[in-house]
């Protein structure tokens, strides 16, 4: 299954990057979300997969059965939450920008460079 | 005592809470100055502690490394904390006079402290993922800060700044994931111990690439710096100043940290790559600065150019070179912030940042001229101000290690820096004020809160030059700690 | 006493509801799985006799969960409800059926 | 896994749900209105709940029961929220 | 959405949702859930009313609330660090007490729990502010 | 016996969910799709929950199931209502 | 010595805080300080013999080999005397000269600082320290040259000089560091005692060249000489000081200083001599066609610098002796002539040769002074200049190898100098009165003190040079040679080859002068020829290069920072991909042992759904479809999390995904629809780049799964979660206890984002104070 999921990661990255390279700001943001999902899955995947044994430990039992690695879960969880904050801010920024300039085309954003 | 290690993070956090609860702008101003002043004291104390103990580590939550998150202050972290606190303090005062009335101080200081918190977190953390979190705290604060004025330009700059930096963040996170997948740990010292003698360490190269790019974007090195020139000149000058001295340098800090502590295998490849990047960064930034006539843009490109020097020090990778990189970094943080502060004063005096539109300031305010001259000389490497020693150490390290090409590039780039500094000086100060709409702006005498930050930083630059011996000793100790991190590893894992 | 009575009505209503539910779902499943059957959709305005909010909510929900009807809107004065009907035959019949349901609810909510 | 419920039954259930997912997904893509898509999303969320319930039987872990609660809650709020914005605009 | 039916439902749904959220928070240490999940659910529960009534006009009164939630949440987080300092342990070390409860062996309460409550409130505030800001009428 | 009942409930539940999806795809207009998408899946999940609850057979699971059922039956029609109300079918006529 | 420098520094700063009545006399005060220093050095002349020198060592940054080492030997003494002696006279002269200008505080501040820097330079015993003073002189001269900074030409000249000398300075630093690495010290004494090691090192030649770059730029050697004529934009006292005793002489000093360490090799001799000769010729040749008084003087300085460099290049006892003497000669006459030129400009209002003439009537004393100096410049007896020229010819005659060539060129150059000197005297002072913008007079005696003293010195020392030779030149010569040498100066050497050469020079020079005078056209033609042959002026070349460079920079910046956001991203992604693919290729030998399987099928199905939804999201033209498909992919991922035991994670992902969707929908209706903005070709290119990145990430993921260098730290969490942290949900325990600091950061991010979003979208409110 790791192979399939690795391919999923790769394709999510592909879609993410493809969308990042579009001219629409909205698409760009969506691309960012895909990249973010891909990254989360990558982090999750590279630590190894254990199906069906969530890391819940009962009183006194210690760890008898091989439980899933809880650490990458916590990391990804944190990353997701941070990602939420960032995405919402990006959306707000995009919205405000559109409201101010009336364009969604990134190619119009050339005034601050030169 | 050891609890103080966490305070660089918690202090800004406490001030964020206060600002959320108390909403008065007047109070916010006081809180900002007071809070950043406290940070100076705190980081000064940590600095003293480190000199006594070498490395101090706090195992957060009492969970011993590598299981919990360890906060570590070594020489490098300590000096970065002190310098950052100094800059932050200056900006807090500067903000009182230079932020436009449309930006509420109460709000500004929330993000200001957010940035500080992330910054300090990045400096003290000994954990790879935790570093990612602090990066995000810093990034999020800077996103808000850059768009705080909400003008069209700022929104546009903000979008570019944000988007390219977010890609960096994602690559960083991917790097962390891969690193954890391969080594099963996140603690930097533990990573160092695992990878030290592992012949499979070369497999870390791919993760290292991701970190390289992520930090490269953050530090604004050559093919990754686009966000910086596109955005740094857009926000209010207070915010530009805050960014100028701090943000890219965190990238440099992490570069130094990662590539001395645990990405130390395959040195051939990494050092070559770092040197090539450094060379292109210096030249590209320097050339672009030469081409511009707007102070903030010139100074922004300078940031890039000078990042090249810091990376160069890391790429040469002798103790002297790394000491040089650190020396250069702290010198640059202070001088660069200061030039931005002065640029703000010039703009305030004249109403524009366009060099072609202003002039005659030498006559009108010799004091302002001196304020500019100190950081400008520092950046241009005029002895005996800080910048000279920074460059000298790097040149010495480069030539003694046989890195002739990069040293030549560094020297030539020095000429570019000089060119731009003279340009600003000639245009804004020496040349007569052209007869235009800005000519009628009366020159207002600078108020204490306006010039004090610059005086503070300028004095620091000069003192760094005069007492370069102490500072060099310190950076050399820092470099030795980095080259031989056994004390760091021992303190974190067994302390 | 009143509470007992109401509980009884509630239980009875639940059974009624459950029955309607099973009926409705079998009906709809059949409808979905047998192609070709002609539906005759329409919008119907149904007068509301309930005067408690809870009752109104129950009615609206129940209406939507039973076969062929879907509540679309209630007027501001809470006097009529706009209902979408999938198999429209006779307006009177539909309104009567729904009136019966409302009375059942009214017994519970008062 | 467990021996009380035959895996075949669960697999059949999975297959039914997967088919449902694909069909609903098709509607999601076809639209034509946003409202149609939201309706499809609603169904998808139910399908997902179904998946989770069946899976919890498969691995014999009641813990997974918390998730349908969240999903139902969230999908409802999502539906209402999105509908709110669609009052006047489709497409 | 200005729907009478949705408004009618709001009364019930809100408390149902909030109790779910609190449950998720309270059970989080031993079961799926926790401060973030609970907070987001609670935040959405509060926001739901706004959707039903279409009432997102910016009112100073309404907008001060999210920041108070955030302030409270962050303050609780800060508060959860203090016992460890007084106990002379490394910062953020969990300090636990057992509250005697009749008929049970006692409930263990600790600073990590306080921390999670802090997260809960912060996330409520954040969710509210997000939704309020993005749905404002111009 | 238990096993069979549980299996039936699970299969029936899944079946109704599938039916809903088919209806969603087959019906011609939004209102009809809502009819299919509201009733059948709720019912399907109800059946599934009953089956699964019997399978686990612990009080907590029953309570949770009850919660879910109440919640779904409270919200599913409201959701459909919201979707339908927000649908702008260009001058919807009261009777066709 | 150190105290003198400190006194100079404090004196320069003191200017600003002097009370008003004293401020008027600041020039006198500073002159007095200079004079006191001069006396101090003079009093040590007897002490500094060939065998003895004074030195002071102050530790500064010993780790870097950077200490303050001051050294007063014969060579330093020569320069120290010149700096302070001429300094005293220049300040005196400047008092009256600067009267009419504003900002004299700044002027004297710069000038005093400059003098101090120069003094520090010549007293340096550590080469990095020397470099520091060297750079200081460059920078302070920038301020001096741009003193009339509202004139564009002044700014340009200042920039040009700083840029060229600054560049040279930096190369010199590199050279010093390079050679310093051979002996691991920058202390001159260490270099001296290890001279052979340095010369034998293979860093010798590059180090030498780099240091010479510094010396040649500073001393205005060909082809860097062009900044010097530009520097006459400075006020006359500055020019006078700059050309005689400071700035340009710094290069000469360093050349002499390093001569015992680096000299004596063929490289040294050839490179330096050749440069010197070329410079010498350039200077004298162009001096003739100048019509600006200061211009003439500037080119004669170039000539003199060429002579000095040549002599030091030849590097024989005779040549160095000549050089040391010529230093004095040149300093005396050049300072005099610049002061005179400044005086003339002040009094007549012009510096143009064509507007001058017959000044002897109005300024007789000035004429006498100038005439003496000019005679010295021409090398005519009985002035010191004659003595110098004799010695120089002698040195050239005796120079090894290239004597005849050097001799011919030297004589030619001196012929020009004789002609120029005479021409200068004739055109300015004799003949018909010119049409002066102002009526000249000779009031203001202080003006004449400086030039007068120096002209007199030229004469007196020319007549009795003995003491100068034995007390000053001899120790200097010894210092440069690194061994004791005898110096006996006398005016008459008898009839020898050198005497005949001198006579020849004077005769031919006189003839040239007569030709120039009689045939005005000659000069005009000459000038025309120059304009054709030397059509490209070096300073114009410099300006052109700078302009072109800026233009190229502009172009480059526009090309790199083009503003196309997606191309920035493209660059970053391609850069990353290339590095990653390269590393994947390098480490391709890793063994891979993960089995491929499609089971369980529902997860494979889920994967398919995710992929499809993503693809739809990428290509759909409808915003809604894009966003909803994105949501579907997100939910699919949450199910994968769920399947692989991440319950909390799955719940969070679902919650976040939904909230994100809601937010998207909230703003969507206010945004425009997607438009087709890019061509098919672009899309294909983007897709391929995306695929390149995606596929390498797949490989990385697999590699990370496969490689396990170390046992994961997670076992600790599983073991201790319940026992020590009292929680069954390990993920939650990690979040609120084991790694609570992450969560602290996380909620901070959220808080900041929330307040930020609110601020971004709410109405702006002004500050309430």
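Read from first to last, the chains carry the letters A, B, C, D, E, F and G; within each, the first residue is number 1.
Here is the rule we use: a residue touches a chain if its C-beta (ideal position, glycine included) is under 8 Å from a C-beta of that chain, and two chains touch if they have at least 3 such contacts.
Please read all numbers here as calculations on a predicted model, not as lab measurements.
The set of chains in contact with chain B as well as chain C comprises E. Taking the definition of touch as given, a chain qualifies here only if it contacts chain B and chain G alike; those chains are A, E. Put simply, the chain farthest from chain B by mean CA position is C. Taking the mean Cα position of each chain as its centre, G sits at the greatest distance from chain F. We define each chain's centre as the mean of its Cα atoms; on that basis chain C and chain G are separated by 90 Å. Between chain E and chain F the centroid-to-centroid distance comes to 30 Å (mean Cα coordinates, whole Å). Taking each chain's centre as the mean of its C-alpha atoms, chain C lies 37 Å from chain E.
Remark: chain A and chain G have CA centroids separated by 50 Å (rounded to whole angstrom).
Looking at chain D, residues 21-22, 63, 66-67, 69-70, 73-77, 80-81, 83-89 sit in touch with two or more other chains. Counting partner chains per residue, chain F shows two or more touched chains at residues 22, 34, 42, 67, 71, 74-76, 78, 80-82, 84-86.
Shared interface positions of chain G, i.e. residues touching 2 or more other chains, are given as 557, 561, 563, 565, 569, 573, 643, 647-648, 651-652, 655-656, 659, 662-663, 666-667, 697, 700-701, 704-705, 708, 712-714, 717, 728-729, 735, 737, 739-744, 746, 748-757, 760-761. Contacts between chains, counted with the stated touch criterion, involve the pairs A-B, A-D, A-E, A-G, B-E, B-G, C-E, C-F, D-E, D-F, D-G, E-F, E-G. Considering their complex, residues 1-24, 26-28, 30, 33-34, 37-38, 40-42, 44-63, 67-71, 73-78, 80-89, 91-96, 98-99, 104-107, 109-114 of chain A touch chain G. Contact residues on chain F toward chain E in their complex (touch as defined above): 67, 71, 74-75, 78, 81-82, 85-86. Touching chain A in their complex are the following residues of chain E: 30-31, 36, 126, 130, 133-134, 138.
On the chain G side of its complex with chain E, the touching residues are 647-648, 651-652, 655-656, 659, 662-663, 666-667, 725-729, 732-733, 735-737, 740-741, 743-744, 747-748, 750-751, 753-755, 757-758, 760-763. For chain C in complex with chain E, the touching residues are 53-54, 56-57, 60, 71, 73-76, 78.
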